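Labels A, B, C and D are assigned to the chains in the order they are written; within every chain, residues are numbered from 1.
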């Protein structure tokens, strides 16, 4: 069965989630991944959106993290002061999802500017909650398509800290969470090497050559000693994604 | 609305129109554009389409924010043109993360000069914004981040309903509206429905903002369109998606403002010109009441 | 309740049973007395009758509080005997004002080591309690008061209703229950009614404490008596007034504990022994629901 | 028409309130005073209780500040974090009521201990919200019966600051509110002298001699240059107190 890179990314991200975990969800692929996990191996996954919806079970595909369908039938609605103080800063979020225009060798993510901050070439949206998710969630999973532009040696601006920031580590800086332990791309998975804080290739998707991954990364990418094998999407996973979760292909286009 | 904006929003003011996706008061933003307010410092977590329009219309001197995108649909191009100096601007920026903006309003609401949070270590945000500072805990010696209080001149909050004194009830997403209202010197509450005070008193736990903090109450059905009001109408997602094309082209944006803002006298005119908004009318999912007896 | 207290309340623990007049969980306090927990640090804004009983029963090593009276009726005499060294105690005290206690729990809930407030200048409280300190604002240079975070080992909250996962809904007075629950290492939620999760999901804005923060759910109708539960039963004011006489006399207090705490196996036994509690049953003042549709 | 000291105190306190003011109410005489004011000259008085009930209109006489009748039919219920941060510290409370076991020459109030803090002769309840009400309410009114024990030259413990604390003034200490500008007693009214911060006699109740007041105050009480006249309770005020507001004489006993 053929499948698109977006479908593979949603499936791989879903498999990262364990049943019963509390997840801070973003819109798009992270939302699809969470709902795919709930429909398969993690029915008790608890979804929290930074908008304040806790335990959401949307009856339609939400088009934003503030979609009304995330409220109706949810377990709780929190004001945003509680979301950030009592849930995130309190340490209640086990997994956070992040995406970004740039992810660098040490897992730092940039969603602020391309170029200089004061006179940017491209002005991106900014942090939103990403800075604090990267700091507080017990672990985060980043999702991004490989390209030299998207994976530079060092990001232009650190919006969400990774594992080494200007030479300093997370622990030294007092960050509670473990940071972006995995990066799910369209060709394979990168994982952090604990001592160096550097992202290494840990798995290639079926049929992808190592050189294809290296071509999309702006630093000399090292590989973990043994690469994990990743199964392609199952028929059931593809069925759920295509027929149930995103039948209009809003987020699964490519 | 005309009187409320005339009385409470002045040139040079620091203005907050809050509402996280939910209950964004476009009616107030449009009236501010129509009254050609200038030199405003616009503050919002997510500038959204409403501030993109206000920036395009020349109302803003400065933007204080934490996420400037078109949620789920693309960019805010008037904002980007101003920041990227591609025909817009200049526009001064003061940038935080969501938590930082929330914390600034918490401090403002509590009338404290700052708020403490565990944030920003390892990020480049403090270098970009010198108002992000640190403080040492007097018990543990830990160094924590601080942000300064935000006390706007005027905050505009859209609510599902309020009584004539401004006791306002909101359900669904609550955002930072309560904090923004308490932080503000003046508060305008805009509602879908004006209700008898007995409705408010029937369910006092539902009240988010008390009338004692409110300076003006404006009744403006559909006042949050193209944003949404839980239980009243859904988000006009087509408009949000379509904004990408409008805002990308300065001429198209100008035509939009001419037609839908300057070209109508008030919100009623806007609603009429929008045509069939009934397609967005909310379905019925009425919850059960609870017993306040004793 | 027996299992929940056995599992989650240990000798030497810092314990919070919150509820401001409303929803004070006497059922949990009595079970802690029955299980003869010792050396507890008891924290509450208002120790109320429940901590007076726990102090009399020898559970407490220390009391952290802000107002130790019998609201509207007199003194807490077991507390007073301990502090005045008239046959009780010793009992260590750590004393704040209400705002200080609230702020300690806010800090605990936010997992910050301290909270800032504008308070205590000119009072003798900082001299009596060295944990009340000051900090200098990094923006204005103002000196403000601080209190340290309170992070209890266990917090017990009484709620009108919750589902089996502990998603708890409270209406009427909310006190500091939300903050106490989030500040705590372990949380026991005691409810008047266990409801299907669909009831909770029907009105999510009513949820005060999410199940993700809850370790045990106990169903205990009348569990807050002689305190009250809005919509379920009124406060037993006669008992509060009568406590003055019971607690003034150590022998009478001991007889009370023998009869109503040690002398019953559980809350059902207590309720039976109380006799006619139906006189306290709440009247009906059911509010209207709101529409969650979109 | 005869009336009791408690009735006179409730009436005098009620007359201190202006229509439309936001009042932080205590139980007992302050509550009666507020509801008397609402029933007479101040129908738009807004009552807030530190328990969180805002705009309460109780259908029975509340026996505590957490009475359920304060919630039912109120305008809003706030959690206590909001009560203290967004309402009181925010400066929204125009009048606060205070009582206390001891009130001294400078309006300092003690509700903590008689005697030494560590080994008290009498342990009182403590501050509750009184410390912050005394600091933040735009002005406060204290209510207390005169006696040498209750009005010492200096309180044993300052729970709620008055106008001079160990020689330092309110402004110097950075207090937002004006403090206890009036003390309503059972024989007359004391008012603060702005420059000295000292409580002076400003009014005697009808039929009370100056010496009766001085006998109940533990310092050489000075009088304001001209004393105010205070009318006795009107028939309507007494009717409201006795028949409507406290028919069981819970708080009007003596």
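Couple of notes before you dig in:
In the analysis below, contacts are C-beta pairs under 8 Å (C-beta built on N, C-alpha and C of every residue); 3 or more make two chains touch, one makes a residue touch a chain.
As the structure is a computational prediction, the values presented were derived from the model and not from experiment.
Distance between chain B and chain C, defined via averaged C-alpha coordinates, is recorded as 37 Å. One finds 28 Å separating the Cα centroids of chain A and chain B.
Inter-chain spacing, taken between the CA centroids of chain A and chain D, is 58 Å. Shared interface positions of chain C, defined as residues touching 2 or more other chains, are 111-112, 117-118, 142, 171-172, 174, 178-179, 202, 205, 228, 230, 234, 285, 292-294.
Multi-chain contact residues of chain D (touching two or more other chains) are listed as 53, 68, 71-72, 77-78, 85, 89. The touch graph of these protein chains has some other shape, matching none of line, ring, star or complete.
Across the assembly, chains come into contact as A-B, A-C, B-C, B-D, C-D.
Listing the residues of chain C that touch chain A in their complex gives 109-112, 167, 178-179, 182, 197, 200-202, 204-205, 207, 210-213, 292-294. The residues of chain A lying in touch with chain B in their complex are 27-28, 50-53, 63-68, 71-72, 77-81, 84-85, 88-89, 112, 117, 119-123, 125-132, 135-136, 157-161, 165, 168, 170, 173-176.
Interface of chain B with chain C (complex): residues 111-118, 131, 133-135, 137-140, 142, 144, 146, 148, 160, 169, 171-172, 174, 199, 202-203, 205-206, 228, 230-234, 282-294. Those residues of chain C that touch chain D in the complex are listed here as 20-22, 45-46, 65-69, 71-72, 75, 79-80, 83-85, 95-99, 102-103, 105-106, 117-125, 127-128, 142-143, 171-176, 178-179, 228, 230, 234-235, 237, 240, 285. By the touch criterion stated above, chain D contacts chain B in their complex at residues 22, 46, 53-55, 57, 68-69, 71-78, 82, 85-86, 89-92.
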